[in-house]
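Have a look at the structure below before the remarks.
Should a chain be cited, it is by its letter among A, B, C, D, E and F, assigned in written order, with residues numbered from 1 in that chain.
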Amino acid sequence: MSTLLLAATTFALGCYALASVLVLVRLVRGPRAQDRVFALDLLYFHAMLVVMVMGIRHQSDRYFEAALLIALFGFVSSSAMAKFILRGEVIE
Amino acid sequence: MSTGNLLVDAGVAALLVGSGVLVVASAVGFLRLPGFFRRMHPPALAYTLGTWCVAGAATLHLSVLQGRAALHPLLLPALLALTVPVTTVLLARVSLFRRRQAGIEGTPTASLPRDREQ
Amino acid sequence: MAAGAVSPSLLLLLLLPFLGGLVTAFLPTRARTVLAGVAGLVAAAAAVKVITLFPLVRDGGVIVETFAWVPSLGLDLVLRMDGFAWMFALVVTVIGVLVCLYARYYMSPDDPVARFYAMFLAFMGAMLGVVLSGNLLQMVVFWELTSLVSFLLIGYWHHRVDAQRGARMALVVTGGGGLCLLAGVIVIGQIAGSYELDAVLAAGALVRASPLYPLAMVLVLLGAFTKSAQFPFHFWLPRAMAAPTPVSAYLHSATMVKAGVFLLARLWPVLAGTDLWFWLVGGTGAATLLIGAYAAMFQNDLKRVLAYSTVSHLGLITLLLGLNSPLAAVAAVFHILNHATFKASLFMAAGIVDHETGTRDIGKLNGLIKAMPRTGVLALVATGAMAGVPLLNGFLSKEMFFAETVMLRSQPWVEWTLPLVATVAGIFAVVYSLRFGYDIFFGPPSTDLPRQPEEPPRWMRLPIQFLVLACLVVGVAPEWAVGGVLAAAARPVVGGVLPEYSLAVWHGISPPLLMSLVAIVGGVLGYLWLRRRQERGELLDTPGIGHISGRELFEAGLLAATRAARTFLHVAGTRRLQPQVFAIVAAGFVLALLASRGVPLEWGDRARLPPSQPFVLLWIIGMVCAIGAAAMAKFHRLVAITLMGGVGLVTCLTFAWFSAPDLALTQIVVEVVTTTLFLLGLRWLPMRLEGVGERDALRGRLRRGRDLLLAIAVGGGMAALSYALLTRPAPQSISPFFLSRAYSEGGGTNVVNVMLVDFRALDTLGEITVLGAVALTVFALLRRFRPPAESVAQPLQQRAVAADTGTDLVAPSRDGEPVGYLLVPAVMARLLLPVALVVAAHFFLRGHNEPGGGFVAGLVVAIALLMQSLASGTRWVEMRAQVRPVRWVAFGLLAASTTGLGAVAFGFPFLTSHTAHVTLPVLGALHVPSAAFFDLGVMTVVVGATLLILTALAHQSIRAHRKLAPRAGDEPGET
Amino acid sequence: MSVLRRLVPAPALSLVLFALWLLLARGAAPADLLVAAIVALAVPPLTTRLRLVHAPLKRPATALRFAMRVMVDVVASNIEVGLDVVFFRTRKPDSHFVVVPLELRDPAGLAMLALVTTIVPGTVWSELAVDRSSLLLHVWNVGDEAAFVARYKQRYESPLREIFE
Amino acid sequence: MASLLPGLVIVPLVLPLMAAALLLAIDAGNRRARSLINIAATAGGLAVAAVLLLAVDADGGHGVYLAANWQAPFGIVLVADRLSVLMLVLVGLVGTATALYAEAVWARAGAWFHPLFQMQLLGLNGAFLTGDLFNLFVFFEVLLAASYGLQMHGSGWPRVRSGLHYIAVNLMASALFLVGLAVLYGVTGTLNMADLADKAAAVPDGDRGLLHVGAAILAVAFLIKAAVWPLNAWLVPAYTAASMPVAALFVLMSKVGFYALFRLWTLVFSEAAGPSAHFGGAVLLYGGLCTLAFGTVGLLASIRLERIAAYSVLVSSGTLLAAIGLDAPALSAAALFYVASATIAVATLFLLVELVKRTSIEGGAQRPDIDTAPDEGDNLDDDALPLVGRAFPVSVAMLGLAFVACALMVAGLPPLAGFLGKVALLAAALQPGAGPAAWSLVFLLLLSSLFATTSLARAGIRHFWSKGGRYAPQLRAAEGGAVLFLVAAGVALALFAEPVMRYANDTATALHAPRPYIDAVLGARTVPGPTTPDTAPARPPAPALPTVEPVVVPVAAQEAAGGRP
Amino acid sequence: MEALLAMAIGVLAASGIWLVLRPRTFQVVMGLALLSYAVNLFIFSMGSLVIDKPPIVAAGIPADLEHYTDPMPQALVLTAIVIGFATTALFLVVLLAARGLSGTDHVDGESD
């Protein structure tokens, strides 16, 4: 693993983690439920990025599937919450 | 065990750094901007270009590593494009709904024929 | 000696009554003549059998028959008959015959007597069992049986409250005593090394020398005293008089109550001879003798007089046995016999009086001699025997008793007191005998009786006649009548060597005779005095101890005990969840702490991984989320769920970080489903607003503080434990085996998946069964779901139409097609479905070699379908797709288990996997592991179970809508 | 033809799934192609009833061009909005709601429009009228409202109408 | 017979599993087929268990079954030894009776009774058979998951409320279970119980503390299931609220906790465990005594029959724990006999509760829920009621007899098996040199008998001798048959107590000297495959392709103990 | 890293325990979920923390614990996750049923 890539991945991971922390502040602070839900959606998304960068970092293709699942279903939780806020129930 | 190609490494690194910067920028915006609808804009940076950079980096990296075209990381932005709107559309609607419910004046609305009839 | 004889004679004797009881139970229930006939014949046969055995035991012979039952417990059926047992068997059977006859006339034609006779015979069998026991444990068996059957017999007229109470009291007291006896017997058995009576009798010295002797003795005595109604356990006997009179005549005079003294006599050679024995047994006997006799004087109920008198006589026998003198023991045996004869006849006489007049109240009964002269005479003779009138059998044994009290050598005050006690008791006996005999048969005939008395049928009198005759014969010619029997019976009691004694009516003028005279004269005087007082309306209750009723004490004690038990349960148990959970957590913590204390814990010395900043940040997020969720779960449920999602995400990333791709995949899909589940549930939970109805009392704050402390302690403990384990070098694990065999023999490179479908396939099979069971349970529960009142209405959001002017919320789907805000999500979700299915197929097919597998694939399918419901509504989905989740579960379970069974068909163990290797043109070699079919089963179950749970929950909303439908019209008007 | 039609009810979808499988399988060996074909043929019929059934794409070329345009827009908007976000204090973008009248009615087309609107930074799809006649957007930096609406309709709505209607 | 043994071991698992799957697949309308399958599968399980028992007893060995054909410490192993087979027979007995009983009414009271019933049996059988710690967890979960459904079968607030508590408590227990077993794995590196016994003895001193912590946490999980005081408050509400056939089945569940403790403690902390020998025995002993005391007091406080039965469960649990806590083979043997008699007795009582209640109009509700103080008025001449008896209808008489038999068993009164169990325990506890703990056990045992007698007599009087009118209860053949079946089992247990006692003795001896068990498990050989597996294929199985080059896994460690050739 | 993960497990467990001890059903179910995270991570941590050595055997790499992480805890966690998911779902439904029957969301059905 080249030092360059190592540094870059570390930087990217750090950025994502930092961004997640910022988003977490929004999640905890709110002020409205939609902010929080959106924050959760972003957390999922950041998780996906983290997983992908870890794939690059470890030269491995195995992390792709996890990222795929998050990309595919990360929105389900947050959209279910959004619907809940909107309708008071998730599935009608 | 790098790709062995410095140029490729540099490209991957650049893409990664770019995505990192974009993601942080979007998070900063999401945290600091006033108003929910304003806050909804910055994450799009991360959802689009931020992801594309990472996907590009992964594709590049893997393709060089395996010595063949590994395009599957590009699936992720595609899937994201399909799924992200679901949440944002719903959340925007939530925000409007709640503003109306709270009786906040000046909540805009897509003009609706049925309302005009009433 | 006929020891070890195989002749089944004793067994037959024992079984006879039981079999007879069984037969009678099946006879017509009110055929009293037939029933009495059968029962009587059975009893008579038994009696004859007993009598024929006399020659064998007359000279100290012992018949023993052994049948193995549970030799390893030392519990065998040992039937052993010596002279003493023979005498008892005789009493039991002969009086049994008489009572059978008597009961035929006593019981009403409407009585369901089959039950009576069945139990009666069963009792006879049990009693025979007690007396014939050659094994102490076996004796306990029959002992408790007699308690049980007597419970049923006393409660024969079970609709009467007094019968119920009396029966229960008898059962509890005698049954409890029986349990003590059991313990005592086991202690004795442990000392003596055997429960065999012969062995125990031979080990008397050993037993008495043992440190456990006092304990064993006390336990045995408790058993004997309760059974024989000794003070202070005597109170049950008068209450047992609620039984039909034949029962009283049989159980409460002749047989069952004698079991206690029988036991004392039986173990006399083993336990007697110590001071402790003297004080305990003698003291109890004396007290009982006096108290029983005293109480008997003041009773107004015929049967109660007899009951207290029985108590008194049993006390007398106990006292005799407690005197540690062989001669006294002989007297005791003699009195057992005598008492049985006269008391049984008296009970029967009392029964006749009751039967003929309709009352047993001495105050009401007068001058019956005119109406029923023959019965009267018989009763009077028997009363005389009870009082100790010369020329009747009671006199003889009582004289022997007086003699013993006089001859006793002990401390001076005892030597002086005991004769006095005996004399006083004698006086009392005469008094109550007179009350019984004189009061009811003489004087002016009563006029206010419920029924006009007349002589009972002749056959009803016959048993009394027989017994009274026996009293007379024994009284007049004792040596001739019972000399042999007594000798045979007393010999084993005193240990084989009979003391010198003479059975004669006249022994010359001696202290005992004087005492008898004093008793009789004093008794007559006392009676007259008492009578005069009672005519004046005084002394109707027992003076002195009248208000101390053992029965009341017992009942109140039981009540208090029950109440105390409830209080205890209230304190030591709980019906609330929080204390239970607290106890569990605290127990786990404390026990773990204690366990670690013995061998102090220390950190390991394995090389640590260097910390990585992103990961640290990640877990800062995770911890904040966890703590936030804990803090928010009460008032901001949605926030808590969101934060929980954050925790799940971080967990998932941790799995991904530390080389567990399978776990990361599983965690992420499970996370999604769980969140949706929580949201589905949130619909039915009440709004909870901060500060509303909060009573922040000090107690609540204290409890929260306590909980917080425990939570922190446990968290710290878990952290320490995990750190201790994380820093240790890995142990000699079994894992290398899996790594090396996964591909070569399991056919897959993903070791985790190979473990799931091959190495540990049984776990997976269980796991999907759990899923199935949970899904079924959820379905069954929700079918009966009744939403809470305030949640039935549509959620606030759906009602708030007016405020949301530009709304598309009212009917987000039109004809099943979503419109408005749901339009875009629905289209997207539908586009995602085929994609998700392909992804699921991908995960399923690669599972064996790469992260994935049936579980993840199943959840992917389930989420994709769930997404459709979310965006388009359940009805839309169900209109279009026939999803029958239960079928999926069934299919999955069948597929998984048939795959497992497939191996069995080929002679391999269940779930053995096999890979088929096929070579196809173009495609090359194909490897089809059987585990794939197993995994298919897993996937199907997962899809079915998840959908079953989710749709069952989602359907509740539809139901709510349906319920609201009729009222939908006026909904807008409200808002 | 009809046999083929029944076998491949949604050719575009099948094609996408075929490609998806190959991407996921990361290979194009004969075995992969076979499985990809099976998947591509089997999944659409399985999901017919749970899908929007609409006419096949009319103009693939337009669609491709449209996609390229969107990508370019995305990059451009990214830079613009990114700068606005970072220098929010000074740049003070003119953010507010804009109502856009719509001619596009096809659900899939609308969904595509939403997709595009969402992924292009600077516009947030906020509300669609029940009769699909107008659309409420939240725009990051409007400037001239009429111009924005015209540009939006021209750049995104009309190509989509071409493709889907 | 002996050759049958290994193959038969799996049947108690496969049978209920297949039955459950079939029951799920059958149309809900086809009631008759469901009943038939359910009863047939359960009775079949009993038959298999009986054959297993005879087989195990005959060759005195251990039926070791290597599931999925993997060598013992690696794969999951099922072990049918005397103890587990005894429990299997109990499951079969009680299961058959309840299956029969439930057919009359309860099976129709809610959805999916039958499959849940079979799953419960699967969980029970699995828990008794498995020789693997994690597999034990899985089967615990199976039986619990099914029991949640069964407990709330029929729904209603009392059931759901107690069910909620029951589930919460058991989820906590499961968490503890997992933590405990994880620690044990972390310390010893194995999950196989036999292997664990070997490894635990050889644990380095520095790790012994951890081993003990793991064992303690695991023990708490088992103690919760065994309903030790003070972790047992869930039991009485849950059992009394459940429908009675379910409660009868649940009697087995508290035995699972006992079984697990017994099995693991004798195995891992035997004499051979060096410094860890007899670890934690005091907790078992005193916990058991507390439980016994609690249950005993509860017996006295109980008026309603189902509560009496539930507290009897606690009494038996406490007795068993205290007995194994004293750690003497004789007591263990007695405990094993006792477990058989107590299980049958209490299960019978639960089955009887409902039938008995049918005899009185409102279950004696006209009386207050606690004994009334003696009223002065009731003298012997209770003129209001004639001295003429009332006949019992035949059904009541039968019920009454069954009740008496059952009460004798529960209270441990002679001559039925309950008494023998109690005598065995007392005799074993009162060995010379018995300490205060043993004496407390003796005292509490006797006290519990007395209180059980008191309460059962009280309940019997209330129901059978009630003052008011009485209905001849409707007894369905299935219900009566089920009760009679269990009573007959109890009587048979008393009659053939000697062979059972001998069996229990052998079992206890074997448990206290676990070496043969360990050797049998670890020495079991796999079935050789028909063909040598393709160890180095040209490429991994199609169609999934690993990203790396074609895999060649080095076939290392072929020599590792007896793998498949 | 080890210390961090241990701390994380501790915090999750503590939060879970705190919630489980609360009187509202929803709190309890959240607590159980948190607790199951903690337990899963705990089991997982038995395999010791290894980066980039997933237990997926590949050619040419010796199949031992030096080169792969311990697959056993992972298999256990996988099963535990599934079972935890199932029981959480069940508990949720039961608490809904309890709420429906009693009208409150108190664990004992007491009205506040």
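Here is the rule we use: contacts are C-beta pairs under 8 Å (C-beta built on N, C-alpha and C of every residue); 3 or more make two chains touch, one makes a residue touch a chain.
In UniProt terms, the chains line up like this: A, B, C, D, F = Cation:proton antiporter.
Everything numeric here is computed off the predicted structure, so don't read it as measured data.
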Centroid comparison with subunit A (Cation:proton antiporter) (C-alpha atoms), farthest chain: C
Farthest chain relative to subunit D (Cation:proton antiporter) (centres taken as mean CA coordinates): C
Whole-Å gap between the CA centroids of subunit E and subunit F (Cation:proton antiporter): 28
Length of the line joining the C-alpha centres of subunit C (Cation:proton antiporter) and subunit F (Cation:proton antiporter), rounded to whole Å: 40
Inter-centroid spacing, subunit D (Cation:proton antiporter) versus subunit A (Cation:proton antiporter) (mean Cα positions, whole Å): 23
Where subunit C (Cation:proton antiporter) and subunit D (Cation:proton antiporter) are represented by their mean Cα positions, the distance between them in whole Å: 73
Residue numbers of subunit A (Cation:proton antiporter) (touch at least two other chains): 14, 16, 18, 20, 33, 37, 39, 60-62, 68, 72-74, 79, 83, 85-86
Multi-chain contact residues (two or more partners), subunit F (Cation:proton antiporter): 20, 25, 28, 42, 46, 51-52, 54, 56-58, 63-64, 72, 79, 83, 86-87, 90, 94-95, 97, 101, 107-108
Sites on subunit B (Cation:proton antiporter) at which at least two other chains make contact: 26, 28, 40, 47, 66, 70, 72, 75, 79, 82-86, 89-90, 93, 95-97, 109-112
Subunit C (Cation:proton antiporter) - residues contacting subunit F (Cation:proton antiporter), complex: 575-578, 581-582, 585, 606, 608-612, 615-616, 619, 622-623, 626-627, 629-630, 633-634, 637, 640-641, 644, 647-648, 651, 654-655, 657-663, 666-667, 670, 673-674, 677-678, 681-682, 684-686, 688, 693, 707-708, 710-712, 714-723, 725-727, 730, 733-736, 738-740, 742-743, 749-752, 755-756, 759-760, 763-764, 767, 770-771, 774-775, 777-778, 781-782, 784-789, 791, 849-851, 855, 945, 949, 952-953
Residues of subunit A (Cation:proton antiporter) that touch subunit B (Cation:proton antiporter) when the two form their complex: 1-2, 4-5, 7-9, 11-12, 14-16, 18-20, 22-23, 25-26, 32-35, 37-39, 41-42, 45-46, 48-49, 52-53, 55-56, 59, 61, 64, 67-68, 71-75, 78-79, 82-83, 85-86
Subunit E contact footprint on subunit F (Cation:proton antiporter) (complex, rising order): 20, 25, 28, 32, 35-36, 39, 42-43, 46, 56-60, 62-64, 72-73, 76, 79-80, 83, 86-87, 90-91, 94-95, 97-98, 101-102, 107-109
Residues of subunit C (Cation:proton antiporter) that touch subunit B (Cation:proton antiporter) when the two form their complex: 797, 800, 803-807, 809, 821, 824-825, 828-829, 831-832, 835, 871
Complex contact set, residues of subunit A (Cation:proton antiporter) against subunit C (Cation:proton antiporter): 10, 13-14, 16-18, 20-21, 24, 27-28, 30, 33, 36-37, 39-40, 43-44, 47, 50-51, 54, 62-63, 65-66, 68-70, 72-74, 76-77, 79-81, 83-92
